[in-house]
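You will see chain A twice below: alongside chain B first, and alongside chain C after that.
This part shows the complex of A and B:
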């Protein structure tokens, strides 16, 4: 019982929504670290962080494609969509939470935990329980009991279960002369809307394309088994981040933990000393920083609205949304360049309190 | 993610000099890189010698160039690239007003005049594509038959029809974004079912405003009526891949260059500094092709290696070897000399440098045409303020143009032209937006919100039209060398003689009149002024214009139908020396009204096929693989 098995289309929808939440939840953390780097410095780190963040956006879009394909509705504007940071991810680790912090060794340590490869040991339960923490945001896949939440052991287990259920639900429905893939194909985001060094958008219309999308999402993050490169020959996120800590690029033939490529110089000091997990309430009422932080929240909310429209039948809006994404970057930097009132040593940072933005869009 | 550093094979000067390559290519720009890639892919061993620096091909090196541009006070074409005393390059600010009879030898190019030319090129790995804007227009069919059709200029030994499929290949190689339905004008035709690799770059808001007011405007010229249209411009910049490309196989957009790990080549985001450098590598530069060449494992690259002389066996007329000087750093003159050997030698160092090298080697050609017939587009800039805010500076530098006057019967009397609509304000003409900022701060004492407002008011209505006017081959326009003018390594510098004839100036004058009519129709205030004190000033019928260069150097080793009328044949092979090729825009007998890159890329694809065939049909020990 519980979450470890998906037995209905409704549960599948719920898990896929959680997949959207999960893929999105890492983006504020990666962007915060990325933009905290002084512009023009730490070139390699900037590119690695940026490439990973962009691939998380790809994963988010792939999750939306799958959800659309099985008749669900991606809604990035639900009040619980963006977690309150720091937050647990909906996998089983209790040793870390994902927070919004400056580029640092500590931040990279967290990122490695997010992306670490992991499946439940043979024979062990595929889910774990962890105590509930009052006031903590709970991502949707978690099964909420009185005192505890149930989670998949790892992101890998989470996607394995989605993959398994896609196959069984598809088979069950086929036997009844029905189909799992009832979604409107016009809602699919097609490859022309994205490209990068790794991965392509996959329009999901059947089981094969759905499984391909799941495979891309899960392997791009953690890699496949013990390999550091995925099936596309791309270095998985975990090892990309690890390069920054080890100070060297991986190259073909390298073993995990022992990159032998060109050296990478990291300047840990060329970083804005931003306040971790900043909140709107950290800024004085009526101050310019408060106004800027609020504007950030509002703009991010607007972007999520735009993306929701793009994912629900207006894919062309993705092109227009690029301008909004630049705006987000500008607002990030506007905050991070400035010391917080009264502290002098800490700089401002975006709060990502999206649920608190209640005003109606103009 | 690719790992270039582990796949490419590197060499050094000592081992390169012991080898006989199938081909040695001088220059790593678009011509050299395409030839190296094509030959490397077909199994031939190739050595590319590049005078400039840039060997590491890393993302860090690229971004250092972006930062150098950001920090540079003068944002000229070559501002992203460090001053290099061993392989100097022309820089815009070196062009000053000439005093009659007194050459200007202060810059890299010695300017003899009578007209100053502010064109540049870039001597780094990747060549001038490291600063180009990325417009990728095809020539129109009549450009290839100027003598036959219009009684002016020269015919090519090739027709548009022959080049058509190579244009398509070149568009794939450099990654062109355009919609085929916008580009079929003035006889330009495509292979059946052709679509460009990527869809057109979305046109700017400014273009849309102009199109709304201008489309359908009639222009009379030489008895013909032309109806103007604002048309999107093909660009070698990453756009949305066309799913229908190559019969539905689609197109993978080129990625950025990095020897360490393959970062994405991003889409054009409208950063508005296409020239000189795109911060996200959305724009093609030749390093993309060069990296593919190096990945074959059969192509070697030696940068900071300036070729100084081509040696000919006087008995059989074949090139035996070339001599180079390899320098250690960009400042000191410390260098070592050496030679390299190959079965085929290809000069792909651009129209000026190819001619300079031939002449410095004492090889003016049996026709005496090496270095002559130098062409570049004559640019007339006109600028105005639009009646409303049009979002100038939002989006990339140029996304549309007016193409109708690129061809027509009038070309028997006056030059053709096209007009580019500039979304980067008056920058090219006045130095905007930096000069606007200085004026507001220094002259008007503006700061804070008022300064912000002032900038919006001044800049967001700016419109600049560049009229790219045709220049015909003129043997008196030429590159020569002079032992009195040398660079630090002792290589003779190019000496330029340049003038414009009435054919071009009549076209310029017509373009100026047309710009006035366009501005009237748009309700725009014309702010164009030209001063006789500026370099590029030409007197014309009691008035005058300032003509700017287009960096589209061409014609100095033009191709033709016989050794008497040309330097190379239709395969860019030297008529005089059978194992020598002179590749690039120097081979073009006309430049019409298209920048030269796409056409020279197509020519190099033709040459690559020919050279491969030659190498195969004359096997030697070196080729026996």
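This part shows the complex of A and C:
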């Protein structure tokens, strides 16, 4: 029952839900690094981080379109949807977790691992098993059993398996005179509802459009094979981040690891010293910081509810949801600009404890 | 360094009373350190120190008595020939994001500091001006409400 070979529509739904979780889970991490940068500084890093974060939002929307197309229901309000950071991602790596931390070389090192282009060596199993660590947050959909979790070797392999199963399930069902693509087309988020958000939105109604959506997600993110530019001629996320560590832009014709374009200046010091993986409980009861951190969690929960409605038949709500994102950005920045105590050595940050907010509401 | 920090905390305390916004909201604009250095750069450490000293005296004398705090703010700071115009400039700085050249009458008496001209300390100062949340609007051309949201009723965060 793990995330491994997909043999049924039900398993496909589960994998696509995991894809939604996966695409979303990168967003708090990227935004935390992005917004920790002092206003007006590090313009190149800001541009790169922002563009990648927005593309993850596109990927989330594309994953919702695919899930809808095959008759599933994207639900961003499930208590397990937002992980407790730091968290593992279901990409098979055991050497890193994704946390919420300030813009730094360490943060970028994690981002490179998230976006690492990776395919299992020839002949190796396409999934890896690792022992379950008690008390560690792991995206729920990746659970396989009591003792171990099964994971794909990389995010690329994860999407390859979804792509493969879309084709075979489509073929199998076609032979039976049925179709895999039973979803209501009215649930698709089409470009008219999605303004300039990291690329073209693809409405998914058949195998070809589903495969195109998968290809956009996985190649924009992790690249394909050894290519540093994707099929649209865009640099994949891994190499965009790597530019910041190497201090130089890639240009056409460059080999991986050896950019030869214009230099990039990075000012690692112009960053708010925010607390990594902040929790609501880090802020004193009754303090304004606590209130603001709770307000952040609540607003984010409301946003996920709004997105869920937009993804389940009310696509027009996406416009309003984007408006909410701008307001949430203000709450985000306001927290990060505030020191946690009088010394100013450690600043506040949003906790992203969404599940706890849901409990409060009940 | 800790001395600077203490002076900065005084600056924030004074700014709270001058603007009506809490320290949390003031720091949330990201402009606090910039405005503090703007003050000291323009009028000099000595005069800035006088203002903060006067504020400390007012805060200590008023204690928790809000009525007394307001009276003392008016009599000891806002009505003070030298400190009053500077305090009013801080209000304008926080709300509009512009340091305005001090009034001619002030400059005739207390001198013409080289950097005392009207200027915007940073591009973000305009965006973060407290006037926007006060009037319930987004700064024109910034803090975008999101493409197409103008088709919906305005949704402005509470002050």
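What we mean here is this: the second predicted complex is superposed on the first by the 341 of 362 C-alpha atoms of A that agree within 3 Å, B and C clash if a C-alpha of one lies under 4 Å from a C-alpha of the other, contacts with A are read in each partner's own complex, and residues count from 1 in each chain.
Please note the rule applied: contacts are C-beta pairs under 8 Å (C-beta built on N, C-alpha and C of every residue); 3 or more make two chains touch, one makes a residue touch a chain.
Given the structure is predicted, the values throughout are model-derived calculations rather than measurements.
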item	value
Superposed partners chain B and chain C on chain A - clash or fit	clash
First (chain B), second (chain C), both or neither touched by A:40	both
Partner chain(s) touched by A:286 [first = chain B, second = chain C, both, neither]	neither
Touching partner for A:191 - first (chain B), second (chain C), both, neither	first
First (chain B), second (chain C), both or neither touched by A:51	first
Partner chain in contact with A:177 - chain B first, chain C second, else both or neither	neither
Which of chain B and chain C A:322 touches, first, second, both or neither	both
First, second, both or neither for A:251, with chain B first and chain C second	first
Overlap of chain C and chain B interfaces on chain A (superposed complexes)	40, 195-196, 319, 322, 326
Interface residues, chain B side, partner chain A - complex	1-3, 5-6, 58-60, 63, 67, 70, 199, 202, 240-243, 250, 252-253, 255, 258-264, 266-267, 269
Complex contacts: residues of chain A adjacent to chain C	38-40, 195-196, 288-289, 292, 319-320, 322-327, 330, 333-335, 337-339, 342-344
Partner chain A, residues of chain C touching it in the complex	5, 9, 22, 24-25, 27-30, 32, 122-124, 143-149, 151-152, 155, 157
Chain B contact footprint on chain A (complex, rising order)	40, 43-44, 47, 51, 54, 190-193, 195-198, 229, 233-235, 249-253, 261-262, 319, 322, 326
